[in-house]
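Shown next, in structure tokens, is the structure this report addresses.
By letter and in written order, the chains are A, B and C; residue numbering begins at 1 in each of them.
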Amino acid sequence: MFKEKFSEGIITAKQFDREDIEYILKKGNEMMKIKNSNLLHGKILATLFFEPSTRTRLSFESAMYRLGGNVIGFHSGDVSSIKKGETIADTIRTVENYSDCIVMRHSLEGAARMASKFTKIPIINAGSGSGEHPTQALLDLLTITEEIGPLDGLNIGIMGDLKYGRTVHSLSILLSNFDVNIYFISPESLRMRNRDIDFLQQHKIQYKEITNYRKILNILDVLYMTRIQKERFVDIEEYEKLKNFYIFREDDLDDTKDNFKLLHPLPRVLEISPEVDASKKAIYFKQTFYGIPMRKAILAELMTD
Amino acid sequence: MFKEKFSEGIITAKQFDREDIEYILKKGNEMMKIKNSNLLHGKILATLFFEPSTRTRLSFESAMYRLGGNVIGFHSGDVSSIKKGETIADTIRTVENYSDCIVMRHSLEGAARMASKFTKIPIINAGSGSGEHPTQALLDLLTITEEIGPLDGLNIGIMGDLKYGRTVHSLSILLSNFDVNIYFISPESLRMRNRDIDFLQQHKIQYKEITNYRKILNILDVLYMTRIQKERFVDIEEYEKLKNFYIFREDDLDDTKDNFKLLHPLPRVLEISPEVDASKKAIYFKQTFYGIPMRKAILAELMTD
Amino acid sequence: MFKEKFSEGIITAKQFDREDIEYILKKGNEMMKIKNSNLLHGKILATLFFEPSTRTRLSFESAMYRLGGNVIGFHSGDVSSIKKGETIADTIRTVENYSDCIVMRHSLEGAARMASKFTKIPIINAGSGSGEHPTQALLDLLTITEEIGPLDGLNIGIMGDLKYGRTVHSLSILLSNFDVNIYFISPESLRMRNRDIDFLQQHKIQYKEITNYRKILNILDVLYMTRIQKERFVDIEEYEKLKNFYIFREDDLDDTKDNFKLLHPLPRVLEISPEVDASKKAIYFKQTFYGIPMRKAILAELMTD
């Protein structure tokens, strides 16, 4: 059923209703109990990273190997055929003949959706410009449910670059299926975009937009921080002004609930001080751990015959 | 027998006589019926791409995995040891200790042949400058025989950059073993080189050199188009003059036979209009599909104990 | 026992005592008899090459596949998360969740040691700046013992860039566990660093520092040559002066013992003339062969449950 609904692949968090999310979280949980299997023996995953990545690519590749499959791909858009002027559509129509599923990252919003129109094999969007990164948001939810518990009733802060942050967009869309209170915390110029806010309002999600996280730190169950992404700024001076806008420090932890958890999709630069890492409230490295079972679950659902 | 004859690997299309071609086409056809096998379990293929590639590299890697083997390699000549001044000979004498077969692409003609002199394991030439690309030509023939039928008697147009196009060189050499009529279609400055023409004349192949493809479109069974390759031009103005010399458009299809097929080794840039893609006469994406069984056949022949 | 002692991985040659070296040489010898196995089936090796490499990376990857395992990784520091400002510590704490062992190369001395402090999985130092390259030194010893015999009593020349040469540092440290005579042969400005000399003196190794190798060529059992490494020089004029300081030529072989062997970690540039390659005294390509069994032994020891 999941496989039929997602036969085009995973392009946007908007494909998921509450039932789909709960299903894939359950599958992610089950994958935590099996380190290795042969479920995808003989299958090939293509990882097409037009925009480079370490974490997401290595995580998908590790997940694929843990399931007994193989991987082909490229690590940057600086590859032969792209340089020679080939379109995404042509690349996809070629690679579909070499693989059973394509994971792709591209600097353009909409690239994954466009790709899915040109192939019969599933496309997984591993980040499309400032748009979305749905599998990151799924692993974020697995992290929260495994480390805290059910999502309903949680107070969740999402802080940093809400304008360009693709993980933030996908995460807030997924959360709109649950009864959560969201606090969007950002500098004025990096607020959530209107279209994202519109979507959340249509889904009647409870949210507030604020600038000073210290005011609400004591009521949060989860604070999801993001990096101010240098590479998304056209004006480097604007970046310099904003890069240290938020720095979460050890003494911030004092104001938090006992069960408070700090998440971050990583990489982190300066926005979380290293001394925070030692706290059991800081679970951003555990979060990378949950990436493997979640991606195993996704790959298994999309590729098992 | 094939294995003994090709113990040095596949360096040039000139190694193949008609019997060899028919044998490997039969093996390619057989490989289409078996998606996965364990024939090359425990074997390692090295893919050394001094000049980058997506299609050819991913295709060989996929073929190797479908046969149960593994792959090591690099994707660009911008690698450590080359930068440090290592010769091809030294790289090959090293990598032969790590692998069972080497697929290599290099910007210099003759690189693959030279490499084969320094190792006991087979070398597969995956493109050597403007010279040759024999496995592409073999998959082109598999495409034609599977989609149209026997080669003898066919009228085949080969169009575009015939001077620098390595796939064209290998393809016309292979075709010289059959009773075909070839039309070499190119701008004056990109005609087939004398040495290639000499070879074809020695082999008594029927050919004509023309400039206007429209004149003979109605008699062709196959038109094999190629890209004007920007990267082969020293003079960029010369490239700009020639890049749009041929553009195959939808209405060109009206002049073709019912069984006419349009091939292209890809990537394509502007030389085939996208609206042609929808025609069942356009089989350049199917052509990439045939790359897998042909490369499986080649790898299996060269590496099976 | 080896596994317990080396639970942090292999960071420096200084971790090894004579017993450890003899143990791993024995294991390396045993691995020569088994081309393929399934010992590490289901295990994943991460190869993190912040500084690029061909030989070392491909050698580890080949060894891992020969043992039935899989590999993820990156080939240059020009990767997404590093560019985005991520620290080594964060990269390691992420990748440990994706793999069972990490092989890393980095331009900074001490990088591997630092990395090992942030993870529970073993780190293998595959080259840290001008510091060390312990697994290269282990394969060098396997080459010597397999091709000549026991180390005790040998006269070993080590020639070239002794200041920046990381393989030289690791090799001389390992040799300090044996009763050998070392001749350090270098231009004045590329002599062994004081700290390395101090270590050897503490270990009471017999050594001499000389400039003219011809004076002692006739007593050597082994001459280990290294490349003058352009990339380590800040002053390119200084490099130009030194790059041809030593060139080992065919007639040098006339002065050597019958059992003399010439080694080189490769890549070689001009320091050994190509006509030397044909001599059975030149075993630098065989040396790359010994890299596979030695790295198989290392990976098997560190990763077998």
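Just so we're on the same page, a residue touches a chain if its C-beta (ideal position, glycine included) is under 8 Å from a C-beta of that chain, and two chains touch if they have at least 3 such contacts.
Source: prediction; values computed, not measured.
Overlaying the C-alpha trace of chain A on that of chain B calls for a turn of 120°, given as a multiple of 5.
In the contact between chain A and chain C, the residue numbers used by both copies make up under half of all numbers at that interface. Mean C-alpha positions place chain A and chain C at a centre distance of 40 Å. Touching of two or more other chains is recorded for residues 75 of chain C.
Chain B makes touch with chain A in their complex at residues 35-36, 51-55, 58-59, 61-62, 65-66, 75, 227, 229-231, 266-270, 274, 285, 288-289, 291-292. Taken together, the chain B residues at the contact with chain C in this complex read 42, 44, 46, 70, 72-75, 78-86, 89-91, 93-95, 97-99.
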